[in-house]
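Chain IDs A, B and C follow the sequence of writing; residue 1 opens each chain.
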């Protein structure tokens, strides 16, 4: 992540570089920090769990099994996996994965050699050795990364044991949960019935009525809040929001009824957010697991999720017209359909008091993706209807790299704005820390 | 609107800076110029009527009523409204509203202090005083702005009294009406029946047949032409163009029949344009009044209009295949769906003789919006299938600022084209005045 | 195509400038090289057959007949046609047509004067004279252009006589056919029944069963392979892929059944590609012949083809889930809907082993179109899932100009990547020849 910033951009970047990291949405495992055990090996840390990495390798014909991914019996020597990754490192030229990984290797793991097929073994050994050292344990890295707050994403059925243990410990690192209830809201989830049974069990509620179901959800939200949660998170592929109440617990609903039920439950969630203050996040428009062979053999989330177009205007109509004028509600929208930035999300966030636009997500969390986001969003929504940055990652080591890429993107954007006459340097200097940390704190109601 | 243009861009900008303003589409009130009374106060001039301003304030939780907007009884002290606006001026950083307003304050109202909560009262007093001076009366500003032609937008039911009085006066300013017949063409307009009754009355036609209805419309068009009109204007949300004739005057049509009727009437309008030469404008793809609470309490056009995607290819198929090969027809298309620039509007305008592409509209009339427009439109449509610039505003004072921003955008675009080798400086110098004024004159058949 | 490249971009451009041209997809006529006769006249060479040219002239009100296009009896003096073109040369400012044509006139035809109404006759005479010279015959130009391989596009019913004659000749130029079977796969083709009869005749197969139909298609593919073909090409407007088998040969299928049949046949083609190794190309999303008057009077492909939006994710679902995990299949996707670059094509090509993304096509094969393509595709798909460049033209003389514009676009893109820190100069220097020629060779399995 060298490159040649202009003098103005460089100055703005430096003003943000050392600010703490606020990470209000992501997928790190709270057990890492609760247990503080060393990471297993370089492949398990950097390659195997990263869907950005293995989807690219798979696209170029490398079998998933060679990466040690998939079927329970599948085992691959982590050193071999790392070699395979190193031998195909050129495939990532031009992608943010390459930038993130270079940053991690250079800045965090202190690897000075470039990664090649020839250096793979030596680098593997270096990293393996470091991972056993005290300063590379999860809590030490958390502190070195200067993370102020890290939110994880946790099932509504999670017992929050790790979060409770963290709060009971004397470690000052702030790791908080996020309430993710898809499994108990979406009747199309294959485990929906089992999930409801589990919800009944852990809340000691019968769930024999809609009201008791809502009450159980409220109980769980309260427990998350007790553990420090400030937000919920919801994924949806296509919107079917409608005011239809129906019993779907028995699994007799049609697919459309199930979608309507889930849509309706998002409105209930918004109403609960008005009551309990949890910020609501909506990640929309991913068609999951589009490769059925991969799904059958290797399971979910194996790199075959592809974005769909999203109709935010009609899709959110019922929800917004029910609760959207409440200034108590905070609803953060994330899209994979960039065509909606300028013609839907920015005009909507520039009108509805409850809305904030989340940062570029997933395939769009990249240098050009960030540039397109600012280009298309700011002129209509301004800066104060944005939610700052999220890294949204389960790759813990990449967190500083991702925030660094964002801050460089902010610096470039602001320097272009100055060139185009949108505002002067002092305006940009006010906006820089806002975009780096303050908007994230404010949007997620994270108190410092 | 300072910023640092390149030398080439600066040179091109300066070649356009002093050209007269041609404003062929907008929403100024003709009574301002007919009566030439002072503007009421700074809030009523700059804040209250500007939906760009109050939608942003509302999005950040400021009640509409505090801005003096809405329910008939609602009254707010204009000074308080102006203070509220000044205290939230930072919200507009990065938006064109901020650039326009800074230009108006600095260039037109000669305010030298920056706008802040602290300076709000002094600036309010300064402006109030100026508004009473002769050189700030509407006609004086019109002349100072160097406006060559200003078109207003007028209901098909308008008596054109102000326009007639202007034409009868000795004032040389050229203010012309535009025929806007939505209310008598669209059966889904809530006042459609009453509007037809009114149309019958003012034209002294019974409207008991489709032919007499068409005849009444032709009469009104002729009256507009007598007052100097060169164009019509039509808004549509979603296209349902079809060859269906039906009686909808009694209000028994289904919603789909009503949409088809309106679609058909656009074809009739195009045919009338071939007869009488009025340039036809089509503004498509805005879903109006999406916030029903705001609609009920404060009325229409209160900042909750959000763009929809627009299917120009199939939507205009019936109209174009009926009349699109006529070189007598001039049809200018405006979109809020930028995704249609490169794959629909540019290829269509680069084929059909009747079509011209209107400038970036509404949320896209901004520095980046202008850049995206040129980037996506020119390579397929060239420059001669564009309609130049429209300010499309009811904020009279902002007209010079909007044309200035466009001219800066043109200069930047042309200088980039030179850098990329599309043409040399002399090519750019030919195109600059074309894009600044000549294409607008030509597209709207405005004779100088 | 002058313009001012940065030093880095210039260096990268020069590293590609003299590389051979690989043209794996286009529409040149093989008879030009088989017969090696002089081109007829400047109008027939440069104006009349170029839909980019006549669509722009038509859009500005010039009748097609004046260009000598259309109805069989229509004749226009080629000199008059060339004069008309020269007199309207300004209309092409800002379009790639202008850049291509300037390059052809300057570099290939050695015309030193600028094209104007005044110079039209002299330039016409110059070109006419040159076209009779030996060094301007098709084979000489092919060699001067440094073309390594040129693929034509040939109907599945073509007798390949010119290709056979080329292979039998001693001329070393490599011109290969491409199998284009739309006419015998798509029941909505107006000549479908006649085409099937012709297919039966030339393969001596009865086609009375689905199996014999497939066998006839396999025979024809084998003949194309014998003539050097490495690829097939398929056009589709809207996807209706489904597993439905049905008899459509008798013409009794509904439109939807016909579409499903065609969709299914694309899956059969993909399965045959796995067997015989032909690379499969899919050009999707053009609504053909949208101007019915032009279609009736002048025939197909007269400039009225307009892009549609394309749903790649759902549209290719059935095909990909049948054959998409095969590393033997190579499927290259071309879109006219740029909105699918970042949210569909790049994520899909970055996952499915069979997929490659084709270069910007048709309206998007332009300086800005190329920039948008790289901007939106590379970060998710990387470079190695791209198919390099295609000129896709029937304008033989423009081939070097088009490859030159692409190489300039590559140089600009790579130099921006260096500036933004994506990689250094050596990374860019590795990628330049890859994007200029190697990826095209690899994607199309063209052996050198």
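As a working rule, a contact is a pair of C-beta atoms (placed from the backbone, for glycine too) under 8 Å apart; a residue touches a chain by one contact, two chains touch by 3 or more.
Note that the structure is a prediction, hence the values are computed from the model and not measured.
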Superposition of chain A upon chain C: rotation angle, C-alpha, nearest 5 degrees: 120
Type of chain B:chain C copy interface by residue overlap (half), same or different: different
CA centroid of chain B to CA centroid of chain C, Å: 41
Set of chain B residues in contact with two or more other chains: 339
Complex contact set, residues of chain A against chain B: 311, 313-314, 317, 320-321, 324-325, 327, 339, 342-344, 346-353, 355, 375-376, 378-385, 417-424, 427, 430-431
In the complex, chain C residues that touch chain B: 1-4, 55-56, 58-61, 90-96, 98-99, 287, 290-294, 303-309, 336-339, 363-364, 366-369, 372, 408, 412
